[in-house]
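Take a look at the following structure, please.
Every chain is named by a letter (A, B, C and D) in the order it is written, and numbering of its residues begins at 1.
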Amino acid sequence: MRYSLFGESHGPAIGVVLQGIPSGLVLDMDFISAEMARRAPGKTPLSTARSEKDAVEIVSGAFEGRATGTPLCGLIRNTDTRSRDYEATRWLARPGHADFTAQLRYKGFGDYRGGGHFSGRLTAPLVFAGAVAKLALKERGVEVLARIRQIGNIEDDALDLASPDREALRLAARKTLAAISDERGEAMREAILKAKGEGDSVGGVIECFVFGLPAGTGSPDFDENIESLIARHVFAVPAVKGLEFGAGFDFAAMRGSQANDAFLPSQDGRPRTLSNHNGGINGGIANGMPVVFRVAIKPTSSIAKEQDTVDMRNGEAAKLVICGRHDPCIVPRAVPVIEAAAALAMSELPGVLV
Amino acid sequence: MRYSLFGESHGPAIGVVLQGIPSGLVLDMDFISAEMARRAPGKTPLSTARSEKDAVEIVSGAFEGRATGTPLCGLIRNTDTRSRDYEATRWLARPGHADFTAQLRYKGFGDYRGGGHFSGRLTAPLVFAGAVAKLALKERGVEVLARIRQIGNIEDDALDLASPDREALRLAARKTLAAISDERGEAMREAILKAKGEGDSVGGVIECFVFGLPAGTGSPDFDENIESLIARHVFAVPAVKGLEFGAGFDFAAMRGSQANDAFLPSQDGRPRTLSNHNGGINGGIANGMPVVFRVAIKPTSSIAKEQDTVDMRNGEAAKLVICGRHDPCIVPRAVPVIEAAAALAMSELPGVLV
Amino acid sequence: MRYSLFGESHGPAIGVVLQGIPSGLVLDMDFISAEMARRAPGKTPLSTARSEKDAVEIVSGAFEGRATGTPLCGLIRNTDTRSRDYEATRWLARPGHADFTAQLRYKGFGDYRGGGHFSGRLTAPLVFAGAVAKLALKERGVEVLARIRQIGNIEDDALDLASPDREALRLAARKTLAAISDERGEAMREAILKAKGEGDSVGGVIECFVFGLPAGTGSPDFDENIESLIARHVFAVPAVKGLEFGAGFDFAAMRGSQANDAFLPSQDGRPRTLSNHNGGINGGIANGMPVVFRVAIKPTSSIAKEQDTVDMRNGEAAKLVICGRHDPCIVPRAVPVIEAAAALAMSELPGVLV
Amino acid sequence: MRYSLFGESHGPAIGVVLQGIPSGLVLDMDFISAEMARRAPGKTPLSTARSEKDAVEIVSGAFEGRATGTPLCGLIRNTDTRSRDYEATRWLARPGHADFTAQLRYKGFGDYRGGGHFSGRLTAPLVFAGAVAKLALKERGVEVLARIRQIGNIEDDALDLASPDREALRLAARKTLAAISDERGEAMREAILKAKGEGDSVGGVIECFVFGLPAGTGSPDFDENIESLIARHVFAVPAVKGLEFGAGFDFAAMRGSQANDAFLPSQDGRPRTLSNHNGGINGGIANGMPVVFRVAIKPTSSIAKEQDTVDMRNGEAAKLVICGRHDPCIVPRAVPVIEAAAALAMSELPGVLV
């Protein structure tokens, strides 16, 4: 299964073409809508005031409620666009954004309105594609579940990587702030609102698990290496700046005797390991333990505070005040996006869907 | 430019096929050999005692000292193989290694000796390929330089990401322990020898810079997104378990007002930024600042200490004592490997070499 | 530049996503519409009575009349669908069609109406994509021109492959029957109407030229070999069953001394050849002479005559009478489709657009 | 399964890297050597006098006589090189050859000796790769068999495409001239020797069958369309200038009522068709009938006769007399090469090997 996204924030529509969906997959629209709702803006003071229904029209590849197996195009019309918000600052490179690099890359011909093709809005069709991937994965017993691990300095409870509480993760996914601990979630909410109140934004970390991936899928080659595949998809999500598997950066200060996951005896030929520092992956191949990775999300670049920048027409110094509608913290809405990227990566892995 | 590695640790040879090398590139064999020497084993007590000359025979794609532009195959014969080291423990899954996953993936038909295709030895042709990539990149003004950022709890001095000391990095590359600070390097050496003395191993972090990447190269699409590309190559290197760009995981606790890199006025249409928290990349595209990333390397899985494991034939508990020759810390020799992966990723990026 | 088609004949819409369009390319909608009109059905008794306006909505990748360089999605709504035509014969495999193979491939979940994803209707977005490619190629001095070489037993005049009459080809393209000779075109028309009158259909050959392809583009490798690239695209067009370059199958009976194209002296470093039996390509690389290829198109599979077939539910014999609206000869409308496939193949070739 | 070729005619070695071989495949070296021998030069007056043993060393991806599943590199050393044959004519573009286009493509840095990377010698590793593919296909019940259909004006007997005589094809494959009819084969031999005697060469047509391809494999998409896949591989073989499936170019003069392959009743859900004009493929997908295609091979470009050409250094007219050792007709030795290309194409098709 492969996907290609298209669209601009203030163009006629955004969407995705999905190839390689298993023929006959039931397109459970309730599930798909619920996934879209997890990402949708405008629901709480934590997110942007832009209100998009994000209704997906499936214009191809579906027949009588099922995927046919031919390319499926999902289309989302843009409705609540306020392009005038961007007119005044068209030539001012917003710090942290892709305005300046996009200007160079597309030789000044890009659609600058609302970030154009670089808008976080493109994660809507990504979540749609991810929802279809999840439906396909579910039939193979594979489940992807993420939660907020950290926002600002607030960390959610640690989970045992060797046997994470799957039910707690499912419950967290239904919360506005997908933390395991309600108390920590409340603290995160306050941290976000505090940043918002100060015209600022805040970053965080999302932790994502893949359960049920068959041991032996993957490869050392970068085209099928599970870590390479997840990385390739996850780093294409806006605002992602870091990725680690299992113990990740904590490995640096560990000894081999601590880091190695001791194999446990087993009668069914599928040994478990005592710990899961390797995040379910050895040599790019799934070992049967849960796959675990963590993603660093930078603070939303669009902040209300005045910022120093330059005018892209002449390189001269300028002051920028951003007026559009923006999330003070993108992390809560990014949880289903990271799940989607992981689900799509796993759907691409030979031996999982086919 | 693309590459594919082949070979097994104890097979006849290992090697690489490189496609898309610019026609006429001078294959500076002194430079290539020097790069190979940076990775080669057997030089100090810090590395494995296996002694391989790692002489590369270029069997195609070169003529009269230059790359022709047709596929270049570099071949390295295996000479110092001691396969009997592995016979006794053939069926015991080494914790942290890919023995178990390889057994599943290749249905028991893999070459188990010395880790087979999963051996760190495959990084020799990778470094060779990276050296060729570096020669091609040099002609475009692009330079890749890495250093050890951390081993165990010892950290090297921090560099200013917005204007890292390039000369200091070049100097570090020539040291056995590629740290900027000699004092810190000495402390790292001691940490490694201490772990070795205890029959153990230790992990670390490598920091890598790409200088001179033209602003505007890259794309938001995962096939050409600089972060996705580097990630795809770097996670295919054995022992890599984490990757972060710029401020990386530190973004989580930052505010947008801190994290945003303010643009500075410029007359030449190529603005710089005051800070470089984004690691030279916005929206998957180079912004002209140095690209910076950090890679987490886990401690060598092969340790002298006795470990708990299972016999893969029957799943029963077993004790494992590893006898082969191994590095107590792979980080020093991984520095040129990470540079190679980065150089190859950049060589694949449209607009850099072609 | 790459494309992916989506859609079914009787679904909500058909379309295409185009990636890698040069930023700033002016999307000349008059030209694009004229190209669409060349393929559109319902204009003459030579084609199906289905009447589709084939209006393309560009929903992404365009801004202020130009391509941005981000993925461009062109969408065509299906309007004149008469699905009841297909209901009665849903389970009868139409000889020559993909009904039977699609049934197997998509496990019975495909959209059978009007041939679904296999419908010739999918060539509408292909022609749209080809029109965009032609606009991009035009800026590089590359032009693609095709004509009908043969319908039934009627052959159009032969052209000198070494210096084909480009103006005559341009004129032919504007005719309903794109033959150089009006007299031959008239004979073709009669052959088609005769077949139609007998409830039958007829096949043909299209000859296509690519002018202005820079000498030295292409490669012996199948990913960039010009012949491989054109073949890959052209054989994905429904009803294409043969492809030859230059002298093609006539080479079989030739001697080397005849077949070899003698080089002619030249002062500008770009020699011409006396003849062009190699169709402008040596070793997969353009030699500067016009690229010439011919494509065999089979007779329309849907004919009015009663045919023997089977019921796909039980494999039992059945009689089939096809009632939908169909072309008695697909060749005239296939001319811009083959041009589109060639233009898209050339746009993918490194060194042409980038 | 994918492959990449490397090497030059007069360089140290030529070879291939094969990825995705099924783990555990027995590498039957007798079969592989027999396949190599079918292509090897120097056996009869019909082929070049260059005598290469073409012994393949498998340097990776094999263990204890079986493929491991990791990349397999097969290496063939060049031994009987006589580079001085090419020195004198280095700057004279041989008509029909890739000398001129290679000069442009590789900016003058290519290895010109013996045609370098463009040499027919590169078909040796291709046949090796094809032999491995055939072994893998055999386990799935798929067999590829080709024969000479035509040399010069001499045609071999036609076969019934709906039920070709498989045993006759197997017998033909063992002959020096792989024709079904011995009498026709003898006539072909004479035609070749006659051309040789006149310092000339002659072309031909090869017909290739794929038996046992599972109905339902393939796709309308060019990446998995059987016709596109075979075309992509076959046109990368030197000297191939045409390809047709089933009735191919004969479709042009056919009526739909003749061309359509009527389905025959069947109890096992796998209907046969009465005729096989479509060559076993509808909509890019196998229909269960034998896949049949024909390939046009041009006369060997290297002929003994003096030819007109130019000096590539200055574009001035020159006379060329080619002195190297060459085949007067490449068709006999191309039979296993076309089989190899087809076997490799089929091994790449999803659902065949995996």
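By our rule, a residue touches a chain if its C-beta (ideal position, glycine included) is under 8 Å from a C-beta of that chain, and two chains touch if they have at least 3 such contacts.
Worth saying up front: this structure is predicted, and the values here are computed from it rather than measured.
Enquirer: If I average the CA coordinates per chain, which chain comes out farthest from subunit B?
Expert: C
Enquirer: Looking at B-D and B-C, which one has the bigger number of contacting C-beta pairs?
Expert: B-D is joined by more C-beta pairs in contact.
Enquirer: Measure off the straight-line distance from the CA centroid of subunit C to the CA centroid of subunit D, and report it in whole Å.
Expert: Computed from C-alpha means, the inter-chain centre distance equals 27 Å.
Enquirer: Just how far, in Å, is the C-alpha centre of subunit D from the one of subunit B?
Expert: About 40 Å, centre to centre.
Enquirer: I'd like the Å distance between the centres of subunit B and subunit C, where a centre is the mean of that chain's Cα atoms.
Expert: Going by mean C-alpha positions, subunit B sits 47 Å from subunit C.
Enquirer: Would you please write down the residue numbers of subunit D that are in contact with two or more other chains?
Expert: Subunit D, residues with two or more chain partners: 4-5, 19, 70-71, 105, 117, 220-221.
Enquirer: Taking the complex as given, what residues does subunit D use to touch subunit A?
Expert: 19, 70-71, 220-221, 350, 354
Enquirer: So in the complex, the part of subunit B that touches subunit A is made up of which residues?
Expert: So the residues of subunit B in touch with subunit A come to 4-5, 93, 95-98, 100-102, 104-105, 117-118, 150-153, 195, 200-205, 215-222, 225, 227-228, 231-236, 238, 240-269, 271, 273-274, 277-279, 281-287, 296-303, 305, 307-310, 315-317.
Enquirer: Inside the complex, what are the residues of subunit B that reach subunit D?
Expert: Contact set of subunit B toward subunit D: 4-8, 11-15, 17, 19, 23-24, 57-63, 66-73, 75, 105-111, 116-117.
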